[in-house]
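In the two assemblies presented below, chain A is common to both, partnered first by chain B and then by chain C.
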Partner chain A sequence: MGKYIMRRLLQIIPVLFIISFIVFCLVYVAGDPVALMLPEDASQEDILQLRESLGLNEPFYIQYFNYMVGLAQLDFGESFRYNTSALPIVLERLPATIELAVAAMIVAIMIAIPLGIWSATKKNSAIDVVATGGAVIWKAMPNFWLGIMLILIFSVMLGWFPVSGRGTWSHLILPAITLGTGIAAEMTRFIRSSMLEIMNQDYVRTARSKGLKEFFVIHKHAFRNALIPVVTITALQTSTVVGGTLITESVFSWPGLGQLLIQAVNTRDMAIVQASVFIIAFIVIAMNLLADILYKLLDPRITFR
Partner chain B sequence: MGRESLLEVRNLKTYFYTEDGVIPSVDGVSFTIKKGETVAVVGESGSGKSVTSLSIMGLLDAAGKIESGTIIFEGNDITKLSKKDRRKLRGNEMAMIFQEPLTSLNPLFTVGNQISEAIKIHQKVDKKEAKKRSIEILKKVGIARAEKVYHSYPHLLSGGMRQRVMIAIALSCNPKLLIADEPTTALDVTIQAQILQLMKELIKDKQTSILFITHDLGVVAEMADQVIVMYAGQVVEYTDVFTLFKEAAHPYTKSLLASTPKIHEQTEKLQVIEGTVPNPNAMPSGCRFHTRCPYVMEKCMNNEPVLTNIHTRHQVKCWLYEEEG
Partner chain C sequence: MESKENQWSDVLVKSKQGHLKRWLRLLLKSKTGTIGLLIVLLIIFIAIFAKLLAPHDPNQINAAMMLKPPAWVEGGDTDYILGTDNLGRDILSRIIYGSQISLVVGVASVILAGIIGIFIGLVSGFYGGFLDNILMRIVDSFLAIPTILFALVILTVFGPSALTLIVVLGVTNWVQYARLIRGEVLSLKEREFVRAARSMGVRDHKIILKHLLPNVISPFIVISTLSVATTIILEASLSFLGLGIQPPTISWGGILSDGRDYVATSWWLAAFPGLAITITVLGMIFLGDWLRDVLDPREKKV
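Up next, the complex of A and B:
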């Protein structure tokens, strides 16, 4: 198993290499940040000087070479806005994002598992219709709209939770619900269809034939099997979750990576953009690796090779 | 033959409520299993054999419902029991072995877990004792390295081994009735023989009754005391195994026997029964076999025959014998 993880970690390197190239190209074609960095009345000379000092006058390949040399030392360059190295700023924001993502996942799991199992075992019942219909509606609801509605109702009108920011538990609840329920909508549908398939398997009938209580038939024999595809799909959705945090963080002024990234894009703070995208890509890859390991732990038929 | 009866099925009707309408899968089936007796149910796919057994076990899926009839098990009508009381019988008083050993065991749990689970539910013993008993029963079903197999996952075992494990699970609580739904169909011929032999040995001194579902007449000859021949959800012939092979009466049974290849008769072509089992939501009128019957008469088409005694303990549902009965 250790060997397998090592090999998978080594495979990450070329993937990150490709991602870094794509990120660089995107930033390159995004255009000149200098105009935004200087005051409107800056002279042509100032502009040229700043360009020169940032190395923006060099040809594409030289710029890319410089960028890669920096990257090899985990140096994404200096942030224009913060005037310090970009990576520490990004890493400083990371815990807030992880906190939100984990809280959202807990919300999602707490909703999706019971609801998915319930609607599968009571197929076509009122509960099932409401749960599946609700999931479709919820999935269609944009994150930012739901976030604003929650703020309006629970913060502004009822005053139960703070409007924005981070600090206490109560700050976390609304953003976690906003992000988590969206994930739950998708997850409920996966769990439902996975459970429906598993409930028809022969071993579920065997479990019943032993005289097992229906609760154990469903939760021990069926659910464990249904979980395997759900884990994979959820891990593959990490990128969606990250995308969701970007929006949710902006709505709630949550001081995380997403908010930082959006600000950096708006101000063309390219060092921050590059470092953020790089870190996000790394998280997505790491989550996929984690899913593969979980997969193995859940299913004894799968061996590491 | 003065043995006590263990299971009496009387006029059982099991219907499936589907989107295409009501499907009468089992339509008025009656039979009796005595203690220690093996009764084989024979018929083509779709004849209602498996649904009969699932009705007895109480394992019908949501669409299936016992419409009418009684299932008397040890004197009690179990169709009237609550779900909870029904569950207490399952795996304990009556157990079942299924056709597909490869998919009947849960891939995520060890063999030991799946055997001891049944023991723990019904015998109220602790983990250690359940393990001890599980290993004992694994040895009894002829598994050599029982200790090792106890800790194995099903995917590491062969089909024959898995069916042995299934038998071990079924027999772990010494059931009075064992329902075997084509337990050897998915296995190699040599393994088939071993499994049948094993089942015979295991029940020999336990007085376990078996309801043996099969389409293989060779297996019937090997295992059964009584035989029920089913066609399109109904019993068409019901007799003991010797009578069946010596003087089968119903045209369907005769065709079934004729379509079994015999080793000492060199024939170019296998005998087949023309046509297929009728679709359950479009049953032919009259005798359900009349569309395929070589002896079909005028009255077979519109009037349904009844199951009549043509000799002692030999019942046939056919107009050919109506006068004689």
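Up next, the complex of A and C:
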């Protein structure tokens, strides 16, 4: 086990390396940030001086080296918009995004698990048709549109929830439902097919034939085993969830990482963009690793190689 | 000699027609598949004949007709069935024109992603070893960055336009093809016909092109259809964020973005373009699911 985790951790290093290289190339191609950093009436001399002090006159490989040295010290450069180091600004926004992501995940699980089990055990029933049909329609709906429609119905017409912002519980509900139901659509399909597969296994048939009540068969024998792939898929959804928060935050003016990032993209604040990409990539990689480890811990049939 | 060749081509044409008939029969058997195909054909038709179908010029600003509700709502005008936007432009015409960019960006970027992905998947799976290891680490790196985030970063650098969008969505989406094709190739490589070709000394590129490529086409078609669906949503999301298609080019995401500010007073601005996206994507998903059932029987839904 320890060996396996060690090996997976070592695999992360080249991945982080490649990501850093891709990001560096993009920033390099993006070109000169100097024009954006100085006031419009700056003299030619000032421009040249700033270029020199930022090391922008160095050749590609030296710039890359300097960049990697900075990365190793978690230095992503200075945001010219906030005039401070980029990382603390990004980290400051992280809790809001995590709050939204976790709330969305809870919504997704609360919908997907009962619905998935239900539609699998009552295959081809009305519930199954509604659940699978609903899942497909939900998948087809753009998330930001769903968010706007929820605002229209529940904030504008009914006045139940605030339109945007963060603060109280009621601020969290609409964004969490927007993002969570989208994830639930994917998960329901997955749980359903995972349950259906297990319901055909010998041990489930044995459990039934020895006269166990259907409730116990489903919950003790089938569901527990169906849970294994579900845990993995949940953790693997991180990338989708994080991507989803970017848009959901923008719809609901949620002051998280996504909003910061989109602002940074619009103002070409590359330090913030880089730091955000790294933090997000790191979270996704960590969650994927966690998914693999959990998968192996939960299922003793899988051996560590 | 010539007549023999003709006969052969006759047989080929016949078997192709047979295929088509069999497919059609299979398609009509599946209700959702039929609906999916009809929706997709309808959208393609609308996109091609937008000029003839649109009742108004989609960019015609009309101050007298600002924010008119849909025809069936009080105060609506039958001339503007789905109402007008904040500049008095006809929503229906804008949605009709918006279908063009959605389809073009969706299909073109999927083709680009497919070409990159198939190439890398074939090479990586066929040669294995060190090369495979490096390519798969690159795939892992791409997977660690959410597609939309990656697209955002590239768009920052190159500036938003339809062409950048196609390239961006293409180079972010190739990863899934590369993974899938590599997996297919890994198992195909061990099959007799590939081994036989190898033992006869057939060159690598011939094995890849003649034996492996034709066998990975069906899984490719299946994911491509579903991928066009997700790409259309992604394009709309980026345009909605103001980083995708720029006005005056009309895109569904763009109309929605305009409509967001008026959601409190004029719901139709945001509601209808979203509906258009949902229906289009739904059609693609239905068609893709059906294609999977027909072309890839192993992955049949339970």
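Here is the rule we go by: the second predicted complex is superposed on the first by the 264 of 305 C-alpha atoms of A that agree within 3 Å, B and C clash if a C-alpha of one lies under 4 Å from a C-alpha of the other, contacts with A are read in each partner's own complex, and residues count from 1 in each chain.
The rule is short, and it goes like this: contacts are C-beta pairs under 8 Å (C-beta built on N, C-alpha and C of every residue); 3 or more make two chains touch, one makes a residue touch a chain.
Bear in mind that the values here come from a model prediction, so they are computed numbers and not experimental data.
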Could you tell me if A:T206 is touching chain B, chain C, both of them or neither one (first, second, both, neither)? first
Does chain B (first) or chain C (second) touch A:I19, or do both, or does neither? second
Contacts for A:I151 in the overlay, against chain B (first) and chain C (second): which applies, first, second, both or neither? second
Does chain B (first) or chain C (second) touch A:H221, or do both, or does neither? first
Superposition-derived comparison: chain B or chain C, residues of chain A touched: C
Note: overlapping chain A surface for chain B and chain C spans none
What part of chain A is in contact with chain B in the complex they form? 123, 201-203, 205-213, 221, 224-225, 298-301
Within their complex, chain A touches chain C through residues 11, 14-15, 18-19, 22-23, 26-27, 29-30, 136-137, 139-146, 148-149, 151-152, 156, 193, 196-197, 239-240, 242-243, 246-247, 250-251, 261-262, 265-266, 268, 270, 273, 276-277, 280-281, 284-285, 288
Which bits of chain C are touching chain A when the two form their complex? 137-138, 140-141, 143-149, 152-158, 229, 233, 236-237, 240-243, 253, 256, 259-260, 263-264, 267, 270-271, 273-274, 277-279, 281-282, 285-286, 301-302
Note which residues of chain B are touching chain A in the complex, please. 57, 59, 62, 87-92, 95-96, 98, 100, 103-109, 114, 117-118, 121-122, 153, 155, 166, 169-170
